[in-house]
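Right after this note come the structures.
Both complexes below contain subunit A, partnered by subunit B and then by subunit C.
For the complex of A and B:
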């Protein structure tokens, strides 16, 4: 293999590669990136055996061929090369990879490309296109609610599916950690009506998001019952899905909550943040007392600190007092893009709904705390 | 069979069986007599585990010829002057020990009353009292017991081997010796001196600690905390071990009431109560506690060998013990036992240092052990993974001056499990999981005490499959769990559904938590109080939300952990009684290298 390639293009791709590669590996070759040059392209592949990232980058290939080298080291080298450099990659007779740019030379140990695990093939029958901005929104507004608890593996991803509503079918992303839930929907793309409901693992969500960061083009998504693939700008990410059943989330979204509160999302979040400063516990409980036109936030700590703050709010229903984990509230309010957030309460022990008044496709559910 | 009156001899033997059930019991009675006689030195000699012969000689006030004759008569005692069973200040009071021993052995007494010109001897053979004869006894009393139990062969059969019997005798002597540090003791067993306890010097508590150190070992003396507390009519004193100095059995708990060794349930329960949630259920502290109480407030006449006592106000005594011990332990704060560090050094030393200068040869296996102790294999992984994290930020570490803090400044994290800190005069190694578990536990307890535990209601309730017995166990204690923030309900056969969780735990492994709780509750001793159970549950909860081994900590996190440990009571051991850190003094390390 012998080729020349733009540093910027190689760097961007290697960034994707090294992020797929796990920091600790018991199988040495999984720390490596597979390089394969043919035609006018260099193909890079990295995997953790669940997730495969393949990317094609334009290159001047003088001699086709391939090898595998440590992804992290190659990434670090290319990162430190000067802007605008041209990088030359050459496999040497002793099996090492020569990396040359300007007057720098590096020799990297390689492992046999024949040993690099092959991506299991399989058909991904459902295919549709989604604007990168739409996919970003689905991810951004749900991922805070993904569970980190590995024992509830079926909650450690985003549940993506086509949902029937009164107004038609939409594409939905749902995440919950059992304490709160985020449900974001977007117009159903063509070809997505029949997709199976799938749970996309957190790591895939992260890599997918990284891939489309700042871009506006369309992402092509393909799905089967067990796999997902995202294709974008020459990069292909393929991954296993979480093999589990996502809970029937519709059942926990109440429909009869009638105590409506409208607040300025930013001001409300800032007030909650201020008041909860005094609570030293990880749970950071904050109490909200609502009466006509007024909300009183309060918090206290076991060490006897306390805080209160009053806000003028849009509230017209019967008085109610309800406690929440301040962090949960702030995180949800942080997802409200519009000026105001609308809360719908039932009572102090039932799920509360939060909506963005300017985005009917976003809905959050938060379970209160007993304080 | 017709009813008949038993002959006197038989009655004595039956009575003797109650008081003297093994050689150690005879030793105990005879040593008590010597102590009651004001002896300053007591020597005991055993042969054949005390069965063949046991001899107790003292330098007490002795007995006259007439007293000798009275001493072996049943219910003859010099110790209840006003026939007052209420104000007993001596160890003996029944006048039963000598006649009982005499009924079941060949007994020989030799004594010279203080100030008397002549000494007398008296023999008793299986209850038959001989005639006093002049003897050559320089002073004090010598009691010889030969062929114990020879008239009751049935009893002989129940004796264990000689070594076991001498062990019991030795224990009996040690117990009495602990309470009388100003008396010298010796024990010779089959011509081997197995115990020498010289009289001690200093004030009462210094004397006591020295004696305790000799009897219980240096570990105890080095890791003991002094206890002193008083209420009207009762005084508690003595020493208790740090929780990290624990044992598998409760036999290392020595309790004395007015100088009398007892094994009393109320007292043992109080000790256990004081150490609860500092020790695992199967670990026990070492303590030597002395209760001095108005004799009128305690009944020592409730047990044939006087091992149990009854207090007029048990709650007062229990409260005094629990309160005093808790206070003492809390003041000790994060102090952990030095035995841990010293044991570590001992484990490592022999392989490195051979005083004989022989570095090879017969010591191969030990060398291999020591190499394993160094665990070089794990080291490589540690260097790749966690080790470089703290080392990468030397500036942050440098800001903390190790000598300013008891637990020093964090220098490194090893194997992403241990935090190594440098102190003014040594090295501290902290088990990050155990330490954090303790801190979380104390926090949960503090929250519980002040405000109650805040509960997060679950949007998606968690169903946990357990066995039906386990599920029942958990559900039966539902209210207690709810007070701790965990609300569960039955969910079909053998399963429970979790509706609310302690907000402190965040997004946590509920399956694992409930299984462990079920195990914990199933294993509980019914006699434990409600609070014991809650604390146990707290410990489990703490364990589940603590920083695990394997997590990389920054140097700031490590120092924060050390500072919080210093500020938290009981931080020296985790909820299960294991130490949270060990300290190697520089002197220990120097010993490792043979520099001392």
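For the complex of A and C:
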């Protein structure tokens, strides 16, 4: 293999590759990126055996062929090369890879490309296109709620499915960690009506997001019961899905909450952040006392510190006192794009609904704290 | 650190056995042991035969055929222990009680009123002897560690004052097992490298000691060997952990052995967590095998817990996991649970998904129901006694229990 490639294009792809590669590997070749040059392209592949990332980058190929080299080292080298450099990659007779740019030369050890694990075959019968911006929104507004608990593995991803609502069918993304839940929907793309409900693992969500960062073309998504594939700008990400059943989330979304509160999302979040400063516990509990037109936030610590702040708010229902984890409130309020957030409370021990008043496709549910 | 020797460590001699001999004159001068299945405490007369606490009853009888076993008067221990510590409090408010029968006291601020630390120690000893009829040994030194060693050297019924000018000479001649934190395992490990006295330990390089005993404990021990101990008297301690242990003798490493033992421990610990409104986020279990080697395992939870059933489940999971990793160990001699990372009363509630593992999560409806049930049990026990109500599953543990619960309560009591 012998080729020349532009540094910027190679760097961007290697960034995706080194992110897929796990830091610690018991199988050495999983630390490597597979390079394969043919035609006018260099194909790069990385995997952790659950997820495969393949990307094609334009290159001047003088001699087709391939090899595998440590992804992290190659990434670090290319990252440190000067802007605008042209990089030459050449397999040497001793099996090593020569990386040359300007006056720098590097020799990297390689492992036989024949040993690089192949992506298992499988049919992905459902295929639809989604605007990158829409996919980005589905991910951005749900991923904060993804669980990190391995014992509840079926909550460690985003549940993607087609949902029937009063106004028709939508494409929905739902994530929950058992304390809060985010449900974001977007218009159902053509070809997605029959898709199975799938749980997309956190890592896939992260890599997919990285792939489409800042772009606005369409992403082609393909699905089966057990796999997902995203194709975008010459990159193909294929992954296993989480093998489990997502719980019936509609059950935790209350329908009868009638104590409505409207607040300026940014000002409310800032006040919560201020008041919770004194709280030293991990949970950072903050109490909200609501009466007509007024909210009083308060927090205290075991070491006898306390704080309160009053805000003028839109509230007209019966007085209520309710506690929340301050971080959870701030995170949800951070997802409100419009000016105001609308809360719907039932009582101090039941799920609370938070909505963006300008976005009917977004809904958040938050469980209170007993304080 | 202080420059004068003003820290007292006072320790009642053979406390439980002495109280028994005090209560029943017929027992005086004779070898007695409190307990039955296991020796909880032995009198000096019994100790002369080699009888030691925590020894199985049959072994103690073999060593000393005339040994008299007495069942124990636990409320008397509490009363007399409190009274002895109160004598110390007459001379300084700076008293840190560390168990039913021993305490530290800092008398640096009391010398103008009552005289030199040594004089105060003599007063305390005389008053405990006259007013309570008990012998109390006292060590006086510049640090807590040295004061505790001095009181051990002072026993029986003695007083040892370590002058700051001679403290290293005093310390370095003593055997290492007198030091805090040197148990049979550490002692054996040190002996393997030729270290039997504190002086020999002090001469070793920090690297060598750390290699042998681990970084933290090696450094700590070496500091103590040079009498570097900056710990102060703590009169008000907010507990950082709650723990209890159960000696099993030598039993098979099987679930039917450790589950009831853990359930019993969990009941006691969870009850104390609830009484303080301080649920725990970290649970640590310790298992001691047939030799003296013990292994611990811990888990940090997402939400703090204080329900008995939940603590039991977690402890059983940890112990079975630990035993799975040590398949070569066929018998166990002790299990212990420690609850730490104690939180406050706030609790994050869980969305009502009704998932299979809801019960073990304190913020679910099921989890909260567990805690309410436990609090009802606590209320019944507060009114009608510990035995009035119990988990059915913990009942089969009763027959095998060698140590009475009253003794455990005494040992675990917040002082």
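As a convention for this text, the second predicted complex is superposed on the first by the 371 of 371 C-alpha atoms of A that agree within 3 Å, B and C clash if a C-alpha of one lies under 4 Å from a C-alpha of the other, contacts with A are read in each partner's own complex, and residues count from 1 in each chain.
The rule we apply is simple: contacts are C-beta pairs under 8 Å (C-beta built on N, C-alpha and C of every residue); 3 or more make two chains touch, one makes a residue touch a chain.
Here the structure is a predicted model, which is why all the values come from computation and not from measurement.
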Clash or fit: subunit B against subunit C, after overlaying the two structures on subunit A?
clash
Is the number of subunit A residues in contact higher for subunit B or for subunit C?
B
Subunit B versus subunit C as contact partner of A:351, first or second or both or neither
both
Which superposed partner A:127 touches (first subunit B, second subunit C, both, neither):
neither
Output check: A:24 vs subunit B and subunit C. Expected answer is one of first, second, both, neither. What do you get?
first
State whether A:274 touches subunit B only (first), subunit C only (second), both chains, or neither.
neither
Using the superposition on chain A described above, determine whether A:96 touches subunit B (first), subunit C (second), both, or neither.
neither
Is A:325 touching anything from subunit B or subunit C once the two structures are fitted on A? First, second, both or neither.
both
For A:12, select first, second, both or neither according to whether it touches subunit B, subunit C, the two together, or no partner.
neither
A:152 contacts which: subunit B (first), subunit C (second), both, neither?
both
Clash with subunit C (superposed arrangement) - responsible stretch of subunit B out of 76-84, 130-138, 184-192 or 436-444
436-444
Residues of subunit A that lie at the interface with subunit B and also at the interface with subunit C
149, 151-152, 176, 178-181, 247, 249, 252, 281-283, 285, 302, 323, 325, 349, 351, 365, 367-371
Seen from subunit A, its contact residues with subunit C in the complex are 149, 151-152, 176, 178-181, 247-249, 251-252, 281-283, 285, 302, 323, 325, 349, 351, 365, 367-371
What part of subunit C is in contact with subunit A in the complex they form?
302, 343-355, 357, 361, 363
Considering the complex alone, what residue numbers of subunit A touch subunit B?
23-24, 147-152, 155, 176-181, 247, 249, 252, 281-283, 285, 300, 302, 304, 323, 325, 349, 351, 365-371
Which residues, counting only subunit B, touch subunit A once they are in their complex?
384-385, 443, 446-447, 450-451, 454-462, 500, 502-504, 506-512
